[in-house]
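Here it is, the structure, as structure tokens.
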Amino acid sequence: MRESEDLLVIIRHAPHDSNWLREGLDAALVGAAFGQSVRLLFMGQGALALCREQQAGAPGQKASLPTIDMLEMYDIDQLNVPQRVLDDLKLPLEALVDGVTPLSERQVKALFSQNRPILNF
Amino acid sequence: MDYGLLVMGAPYSQPAPHSALRFAHAVLARGHRLVGVFFYHDGVHNASMLMTPPQDELNLRDAWKALHKEHDVALDVCIAAALRRGVISQSEASRHGHDAFNLEAPFELTGLGQLLTLQQRCDRLITFAS
Amino acid sequence: MILHILTTPPTSEVPRQVEQAIQAGDTLLLTEAGVTATLDPDLHCWTQNDYAVFLLEEDLVARGLSSIAATHGLSTVDMDGFVALTEQHLQSVTWY
Amino acid sequence: MDYGLLVMGAPYSQPAPHSALRFAHAVLARGHRLVGVFFYHDGVHNASMLMTPPQDELNLRDAWKALHKEHDVALDVCIAAALRRGVISQSEASRHGHDAFNLEAPFELTGLGQLLTLQQRCDRLITFAS
Amino acid sequence: MRESEDLLVIIRHAPHDSNWLREGLDAALVGAAFGQSVRLLFMGQGALALCREQQAGAPGQKASLPTIDMLEMYDIDQLNVPQRVLDDLKLPLEALVDGVTPLSERQVKALFSQNRPILNF
Amino acid sequence: MILHILTTPPTSEVPRQVEQAIQAGDTLLLTEAGVTATLDPDLHCWTQNDYAVFLLEEDLVARGLSSIAATHGLSTVDMDGFVALTEQHLQSVTWY
């Protein structure tokens, strides 16, 4: 056991492409339910999880947007995405849900602290 | 035309089987014949009877089974790929000393040769993978 | 003429493989994660004139990218159109 | 030190469980304690009793089981991830109307909270994925 | 049924990273056993399947080199790899098994013919 | 100091994510398909001086790349050394 900061959950997979997004969000929700303060960082394709117009997918694929919308109820209000990811993907901030905070390169690196538990999905 | 599908992704983990199922219905809706679906690689998990998605989600295996029932689509599963991934029929299970099994008709364990036969006898073979 | 079905995003190494295989007169259909190519109109597949490119509408809608595709004026097909493309091409190759 | 492992890849299809198993033995060889392994995502397939690799290949489930037996390593499997992928215990199987099951002790179906507990109580949590 | 050329099997996955390589080679071997003339094209990471010094992997991971060596017995002697793949990966031809033929961009494209059955792994 | 474990080849999009997270003083361990970085000594991870980089020897041997790693003078650790690295770093992140 060690003294720890808030839990960092990294989401790097897009909706519908796999179950990574959903299972990553589940881990964040369970962390919050366990009383941990949770911060979400969306990297790479994971930023697409924040697209405000996304829908349910093919038969058997559930929408993940309702889970994103539910995060605030669990006090997960830190939805971070590196500005560089938005630039790389050419993803306009206006296409994303409300409450997303873009981070500078320095701010992203600052999230990676050895005292912070991290789960990378 | 005669169509065959090659499905190489696992349900829920990979989009391939979900896309394939949607495509299958569109093929039939356009008046084509869907001869068979061959499940290979992680696609063998589509055949698992033990798949238990949450109640508000589609059970992919049941959806394939319905396709077989309504349109006589063969559901062939590569035996080598299936066995190493824990998908096994009753007869193979008893041959390998397992008490349980998780694959039954209309899914059939077959050799990889069946895929090549499907490719040769169909006008189109469409692959859905990962 | 071959129908190439690309299921991975522009950031993966797979589109590079498609570029090596595709020929003038072929058709490229972007499905699943492949539809994220919508975001970048400067990608090679949008700027070349050798082959037609379509986006699968269902996958575009699922990912919330259809209004961006419309803004960029990109061509889409629905699942019925996907089947029609396979009718028109003797051979298809799925890149994943 | 106390170590925990998070395994999120399926045997034979993905290198993660093979790397994890090798790492587990190295951890023990260096005198550490391996508290538990948590199987999530496609890693739940590691627990399948029906896994039937060719005879000249290692059975990964048996290898994990041996690790439990010899070093008292807990083998926890995320229940939500397992059920949708067709990995299920006897009690869950009967609850969901299945005649068969493919997960038994020493593997245990547990909630995702067990992962967070493992992360909190171990000095190190190492992830093996895909 | 249609008149067909030889079967093209494309291998795009490296040894040990997945079961794609092995299952792709199996398809090639079964094609040959069924009397089809089989041509193998190694693209992307798949070219690493040809490294002559490769070994068995972690516990439970079998070596795939013996299968590569076995191909000739099944009359699969066309092991093709785009020169561009070797350049991209900086993979020297000397590091590969004997009998590999690098192909020009034009030669690669020529392999993709609508009358040729193709399986892409 | 964090131990970053990278399991994907240089052609994937994942090394780019690692670059965004890794800091001076961290350590990068290349495992599984990540060891194919051996082939290209011009990659950023080999030319930078901010953090140490190691290749997992077992994975290098399995892929037949150890003589190339030796030629390029790259540092390797065996599985025991991998555990030692996790002892020395409070936190690890696996990138896959």
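Note that the chains take the letters A, B, C, D, E and F in the order they are written out, and that residue 1 is the start of every chain.
Quick note on the criterion: a residue touches a chain if its C-beta (ideal position, glycine included) is under 8 Å from a C-beta of that chain, and two chains touch if they have at least 3 such contacts.
Here the structure is a predicted model, which is why all the values come from computation and not from measurement.
Graph distance from subunit B to subunit C, where chains that touch are one step apart, equals 1. For the pair subunit C and subunit F, chains touching both partners: A, E.
Ranking every chain by how far its Cα centroid lies from the centroid of subunit D, the top place goes to C.
Relative orientation of subunit B with respect to subunit D corresponds to a rotation of 180°, obtained by superposing CA atoms and rounded to a multiple of 5. Farthest from subunit F in terms of Cα centroid separation is B. Mean C-alpha position of subunit A lies 26 Å from that of subunit D.
Counting only residues that touch two or more partner chains, subunit E has 2, 16-17, 19, 44-45, 57-58, 61, 88, 117, 120.
Residue positions 11-13, 15, 19, 22, 41, 53, 57, 84, 125, 127, 129 of subunit D are each in touch with at least two other chains. Looking at subunit F, residues 9, 11, 13, 16, 32-33, 58-59, 90, 93-94, 96 sit in touch with two or more other chains. Across the assembly, chains come into contact as A-B, A-C, A-D, A-F, B-C, B-D, B-E, C-E, C-F, D-E, D-F, E-F. Chain contact summary for the complex, subunit D toward subunit F: residues 1, 3, 8, 15-16, 19, 22-23, 25-27, 29-30, 32, 124-130.
Those residues of subunit E whose C-beta lies close enough to touch subunit D in the complex are 16-19, 57-62. Taken in their complex, subunit C has these residues touching subunit F: 9, 11-13, 16.
Interface residues of subunit A, counted against subunit F in their complex, comprise 2, 10, 12, 43-45, 82, 84-85, 88, 105, 108-109, 111-118, 120. Residue ranges on subunit C touching subunit B, taken from their complex, read 5, 7, 31-33, 58-59, 79-80, 82-84, 86-87, 92-94, 96.
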